[in-house]
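The structure is given below, and queries will be raised subsequently.
Naming follows writing order (A, B and C), and every chain is counted from residue 1.
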Amino acid sequence: MIPQAVLNEWYPVAMIALVGPRPGRQTQLLGSDIAVFLEDGQIVVQGAKGQRLAVTLRYGHVWACPGTPAHDLFPIPEADQPGRRLVDCGVVRVKCSPLRAVENFLDIAHFPFVHTDVLGAEPHTEVGRYEVQIREDSDEVWATKVHFYQPQAAKSAAGGIVTEYMYRVAAPTAAVLYKTCPNQPDAWDVIGIFVQPLTEEFCEVWPWMALFDDTTPQADLIQFQQMIFLQDRSILENQIPRLLPLDPGKEIPTQADLTSIAYRRWLKRKGLTYGAQMVAA
Amino acid sequence: MSGMWVANGLSQDLPLGVVMAGAWQGAELAIWRSASGRLSAWNDRCPHRGMRLSHGFVRGETLSCIYHGWAYGTDGACSKIPAHPAMVPPAAIKAEVYQCVEAEGVIWVAPAGSDVDLPDLSGLAAVRSVTVQAGLAEVAHALPGFVCEGAVWRGQLDGAAVALVVQDRGALVRIHALGTGDRVKVSRWLDGMMRLAEQGVLA
Amino acid sequence: MKLYDYVLSASCYKVRLLAALMGVKLELEAVDFHPGQAHKSAAFRAINPAGTLPVLVDGDLVLSESTAMLVYLAQASGKIWLGDATPASAAKVQNWLAFSARLGASLGMARLHDMLLYPGDIEAFRRTGVECLRELESHLTEARFAGRIFLVGDSPTIADIACFPNVALAPDGGVSLDDYPSIRLWSRAVRALPRFIEMPGIHRLHELKPTPEAVPPLESL
């Protein structure tokens, strides 16, 4: 039985630009078959029994809710900010819990080892103290004042700089990061990860960006994001167990994992346990 | 106390500073050799966030996890957490350690505290390890004339002794082969034996 | 020399890798293969009618097969990546270049299926992939008996570079490499080559770098 709280959330199921007529995109959501297609100029998400799911079109993607939406889809105000370029990066399938994919996105300590010489490099492995809160008003997890040494923050930057990040869990399987933008010190680059839970142990991931960058060719921006995510994929497919453990058991966090701890606690509190392991094993 | 010893590969396939995946019964393992030659076998699961340690890297006498670089000494205890360079890791952070020994070129693993009790493979030279996608019964069928003594099947190939140390992994069987004859000949014979055993599965 | 490139393509990586190992600089032009399908566009087909990646352009020369690009790069500088000059060695290198196409059609397709949702018979891709890996493992095992580690002769050649990517990326397509000890050591030998570069799904050998010295705390930077 899938908890009602899980069914009442929004999940990404397709990239708007790629949706075509029937049969359209045949895929899965929470273990059930769904189809995403165009009908009379409208995007439809249809369940296995022919039922139509609630749909929201936002941030380049089709979002569906298999139950009764508990709330509107989360806002990303930057998506409407003039001058930002919105980039859809396509889909990548990963053999892991959708929650593991989100947790990895919230993590910085792996940069020097998994994104070596791009987002981090030894010996600059330290994760400083940062702030984490579960914001009651928006019901989101936020991590702020996250600092990390980045060897090559931008093509132009000679040597490394300390980059600041903010992380935000906006939905059980969607997170957004804000990163200081080397070209524009007062603005943040915004990068999202939208995860479609196919099953508890299988997901499809849609990276998305909203950047101040008029010059870099689209293909380069997409490739950069795909490169980063595909470096993570070989990690995600090799974590044991495949489900995300919500009980403190065999996985030991440290101070650098405060965001992950808050995410797990938030999921548990809200009963968003699809893709989670409840009893440590 | 004694647990069963399971062959997990050949010494020649695990040089200094290398880690590989192994198994004991149902448990998946990371087996590695330090720069000084010390062998270790651990549960293949990093205590931090569950990453397989067999994907990690060996520096000197430590194995580091590929995900966040946590380093573990040969006793399994975490010695360094790169995200907190100044912190001494708590003693509770420890890989689950198995016993690991090698004899006559074969690497063996058992639960910690097991008495060492290994078959006699003296006088034989290691050839290679192969993995057969078949059960033990099909493998036995493909080895006419071989005699089974526990985990070791002994027989002859063109007058030279051959010993096959068998690691049963349920749906597949890993075979660590040793012999006195020409290694190329034994290796090619193994390729044929595998095909024969797997045809047994298809039949 | 300009390479039309896609960062997740094993075939593009072959060319980037050999160029890096040889110290040859390539001008890279990213093509939006996924999700944009830009390699199927009319504009791209004007460069390569086959609509495939990579494409290498050097003056008037346009190449659309990655193994031909390896030959071209290797011929152009000293030929040490072509093996020794004997007919047997040259033929063996060609044999492995052809073999690498089988790797692409099996392990490579399994990876595209599992990762980028390409259609196809995944079980067939994996089964033929395992057959290829076994052939490779047996060959490399015999090479090790003779004290060698690479595919042809005593030093690395374009044969190794052609086969390495789809083999190392096999787990991306759900094919484990745990069963092949000689492939594991060969893959380490390739990754240990000076100037080796990685691609997503193939990580570098972090152990080649010494344990880092302490640096000032983050707060002071």
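The rule is simple: a residue touches a chain if its C-beta (ideal position, glycine included) is under 8 Å from a C-beta of that chain, and two chains touch if they have at least 3 such contacts.
Please read these numbers as outputs of a predicted model, since none were measured by experiment.
How are the chains arranged in terms of who touches whom: line, ring, star, complete or other?
Complete.
Any chance you could check whether A-B or B-C wins on number of contacting C-beta pairs?
A-B
For subunit B and subunit C, let me know how many angstrom lie between their CA-based centres, rounded off.
Centres of subunit B and subunit C (C-alpha means) sit 28 Å apart.
Please compute the C-alpha centroid of subunit A, do the same for subunit B, then give the distance between them in whole Å.
About 38 Å separates the centre of subunit A from that of subunit B.
Among the residues of subunit B, which are close enough to touch at least two other chains?
Where subunit B meets two or more other chains at a single residue, that happens at 55, 66, 69, 85.
Hunt down the residues of subunit C that sit against at least two other chains at once, touch-wise.
Correct list: 203, 206, 214-215, 217.
Give the residues of subunit A that touch two or more other chains, as numbers and ranges in rising order.
113-114, 122, 125-127, 234
Mind listing the subunit A positions that touch subunit B in their complex?
107, 109-110, 112-114, 122, 125-127, 234-235, 238-241, 245, 250-257, 260
List the residues on subunit A that touch subunit C in their complex, please.
Its residues touching subunit C are 15, 18, 88-93, 95, 113-114, 116, 122-128, 147-149, 162, 204, 217-220, 222-223, 226-231, 233-234, 237.
Which residues, counting only subunit C, touch subunit B once they are in their complex?
130, 134, 138, 141-142, 145, 178-179, 181-182, 184-185, 188, 203, 205-207, 210-211, 214-215, 217
Considering the complex alone, what residue numbers of subunit B touch subunit A?
Residue positions touching the partner: 28, 44-45, 47-52, 55, 66-69, 81-85, 87, 92-93.
Which residues, counting only subunit C, touch subunit A once they are in their complex?
That would be residues 6-8, 30-32, 34-36, 38, 114-117, 171-172, 174, 198, 200-201, 203-204, 206, 209, 212-215, 217-219, 221 of subunit C.
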